[in-house]
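Next come two complexes built around chain A: one with chain B, the other with chain C.
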Partner chain A sequence: MITAAETCDFINEVVCKPANVKELFEFGNFAGTQISRTEVLILLAAIIPVVVVFFGLRKKSVVPGKLQSAVESIFTFVKDEIALGVIGRGGEKFTPYLVSIFLFILVGNLFEVAPLINFPVTSRMALPLFLSLITYFIFVFVGIKEEGFGYISHLVWPPGVPVALKPLVGVIELVSVLLVRPFSLAVRLFANLVAGHVMLSLLLASAYFFLVQPGGADYILSKAPIGLAWFTLGLGIYGFELIVSILQAYIFTLLSAVYIQTSLHPEH
Partner chain B sequence: MNMNLELLLAEAEESSSGIDLLLPATSELVAGIAAFAIVFFFIWKWALPALNETLASRASAIEGQIKEAEETKAEAEKSKAEYDKLVSNADSEVQTIIDEGKAAAEKIKEDMLAEAKKEAEAIVEKAKSDSEAEKERVSSELKGEVADLSLEISQKVASSMSKNDQKKLIDKFIKDMG
Partner chain C sequence: MEAAYALIGYGLAAIGPGVGIGLIAGNAVQAMARQPEAAGMVRTTMFLGIAFTEALALIGFVLFFLV
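Let's turn to the complex of A and B:
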């Protein structure tokens, strides 16, 4: 964004914007190949957790070191608090999936605040949509495996609802479970990360323009305080986005577990 | 002003192309599938089994250490009981020694007292015996002197008395002396 805006003519152009808004989210090809930087970052979001987990667990020490403790804490947290805590009985077999999406999304989100990267790969719709579709197929598969055709019929004709309301509630349930859930799951993650990325970009780019743009002493005295204010606010939002990155990874994993739980234990 | 409005309208029209941002790019989707597959298979096939193995060995080690601690504790308690028993026996032995010492001292005391008493009695007896012998000796000497004196007196008296009177007088004198 900074690079795009550096070409702006602030005096003659009323609206200065990149030639293509997608420039905010798309990057050039990586090292002269056909692979884009986003695709490289997506693969990096897989390699980083794999490497960290590998080095954390390879020694299998009875008395763990700091890295092993951290990795074990994440795994046991997802297993105990989400897989077993939310899904309950039978939740253990979903632990690999839940740990995988948590780590993958977490690293993908943290790219937003990673120096020199500053781009969350989860702010591209491909990842949230793909992951939410996996969750969708899992909970639908589990529901059909547990109840057979009853899974769909209970959605269409929900038990325990007055007969007069059954058609209305049935339509709502069917749409919300089978159509809205995967998209709401994807859009929640995508929108949060896009918003954070745009906000950070705007604040820090504004700070850059006001602080770095060449000009005389008058210009610096009149504009620099504004740039400093944007920069301070940008740093605050930077910390906030760090929390959002972790929180969104947790929320996505937690909701995936909740959806699986509703299919696995419909009586609850 | 009109120029600004036109620019803003043109901006609004162009921004409709932003819908592309909501559509997943195929290449990114493929990269995402490959990346997630790597993470999932790694976690599923290696990381979780490794973690479970580590946790199991840790639980086993902790159980072993607890068991070892319990055994050490039991040994310590056994040693303490033996020590207490030894201390108790030592007390008992000391008491026995003291009692035996006291009994021996008592016996020595009694023996000494008995011997002293016996010696005292022997001394007293000897003194009595000596006293009796002295008494006999003195009595015998006295009797001899009395007899001599009597004989002298009797000779003096006899010279002035009849033989009969002399005899009577001597008998009476002896009798009174007896």
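Let's turn to the complex of A and C:
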């Protein structure tokens, strides 16, 4: 974004449209390879949790060190609050899956506020969609395993509903469970991260444009307060995005657990 | 011009969820104040409710980019 803006003539043009604006959206590959930046970051997001958990739990001492207690508190949080708290009986089985997606999404989201990276990998639709499809297959599989063919027939012909309403409720239920659930799960994560990334880029890039620009001294003095205001606002949003990153990882894991729970204990 | 329409559409899509999230959070605070021992359960349910409500606004946001 910054390199694109440097082709602008700030003094003579009021509205600047950089000629190479397409470069903002096409990062391209690393020189001589077919590997893009996103792929490297996805790989990093998969490796970092493994490394942290490995070193955290390598020497299991009774009095845990800093890293060990941090890793253990994440595990306990996901197990008690999400797996056992939401799924209840039979939730232990899903703890490994929930911890894995929680850590993966958390690291992927935190890339948004990590200095020098500043790009959340979960803001590429492929990744949230893939994760939500895994959850989708798990909860459909669990439902079919628990109830057999009854899982589908209970969706289409829900029990406990007046007969006159059954076709209508059945259609709504079928669409909402089998289509809207995975879609909204993916879109929620994706859109939150895209919104945050766009907001941060716009604020910090406008701060850069107003603060660091060609022109005379009086020109800089007149525009610097605006740039400072944008910069302060951008820093505030930075902190907000840190909270959003953690919260979205939690919400994705929580909703996965809720969907698994509705398949596991259909009576609730 | 299409982008302007999409922008208006996104603004409209954000009204309902905005009111909804306000209601959810307000009632959750009230519930937590009345029964502090149930705060953990209320907070989990609040996040669930917010997540479901927020989805509507986010779909509007995505459609804004699609147009």
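The criterion applied here is as follows: the second predicted complex is superposed on the first by the 248 of 268 C-alpha atoms of A that agree within 3 Å, B and C clash if a C-alpha of one lies under 4 Å from a C-alpha of the other, contacts with A are read in each partner's own complex, and residues count from 1 in each chain.
One rule holds in what follows: a residue touches a chain if its C-beta (ideal position, glycine included) is under 8 Å from a C-beta of that chain, and two chains touch if they have at least 3 such contacts.
Please read these numbers as outputs of a predicted model, since none were measured by experiment.
Engineer: After lining up the shared chain so the two structures overlap, which partner does A:258 touch, if you call chain B first and chain C second: first, second, both or neither?
Structural biologist: In the superposed model, A:258 contacts chain C only, not chain B.
Engineer: If you count the residues of chain A that each partner touches, which comes out higher, chain B or chain C?
Structural biologist: Between chain B and chain C, the winner on chain A residue contacts is B.
Engineer: Considering only touches as defined above, state whether A:130 meets chain B (first), chain C (second), both or neither.
Structural biologist: first
Engineer: Answer with first, second, both or neither: which of chain B and chain C does A:250 touch in the superposed model?
Structural biologist: A:250: touches chain C, not chain B.
Engineer: Just chain B (first), just chain C (second), both, or neither: which does A:96 touch?
Structural biologist: So A:96 only meets chain B here.
Engineer: Would you sort A:164 into first (chain B), second (chain C), both or neither based on which partner it touches?
Structural biologist: In the superposition, A:164 touches no partner, neither chain B nor chain C.
Engineer: Touching A:188, do we find chain B (first), chain C (second), both, or neither?
Structural biologist: second
Engineer: Just to be sure I follow: which residues of chain A are touched by chain B in one complex and then by chain C in the other one?
Structural biologist: Shared contact residues on chain A (touching chain B in one complex, chain C in the other): 194.
Engineer: Show me the residue ranges of chain A that touch chain B in the complex, using the header's touch definition.
Structural biologist: 14-15, 17, 20-22, 25, 36, 38-39, 42-43, 45-47, 49-50, 53-54, 57-58, 60-62, 64, 68, 71-72, 75, 95-97, 99-101, 103-104, 124-127, 129-131, 134, 194
Engineer: Spell out the part of chain C that touches chain A in their complex, as residue ranges.
Structural biologist: Per the stated touch rule, the residues are 40, 44, 47-48, 51, 54-55, 58-59, 61-62, 65.
Engineer: Provide the residue numbers of chain B that touch chain A in the complex, in ascending order.
Structural biologist: 3-4, 7-8, 11, 14-15, 17-18, 20-25, 27-29, 31-36, 38-40, 42-44, 46-48, 50-51, 53-55, 57-58, 61
Engineer: Could you please specify the touching residues of chain A with respect to chain C in the complex?
Structural biologist: Per the stated touch rule, the residues are 81, 85-86, 184, 187-188, 190-192, 194-195, 247, 250-251, 254-255, 258.
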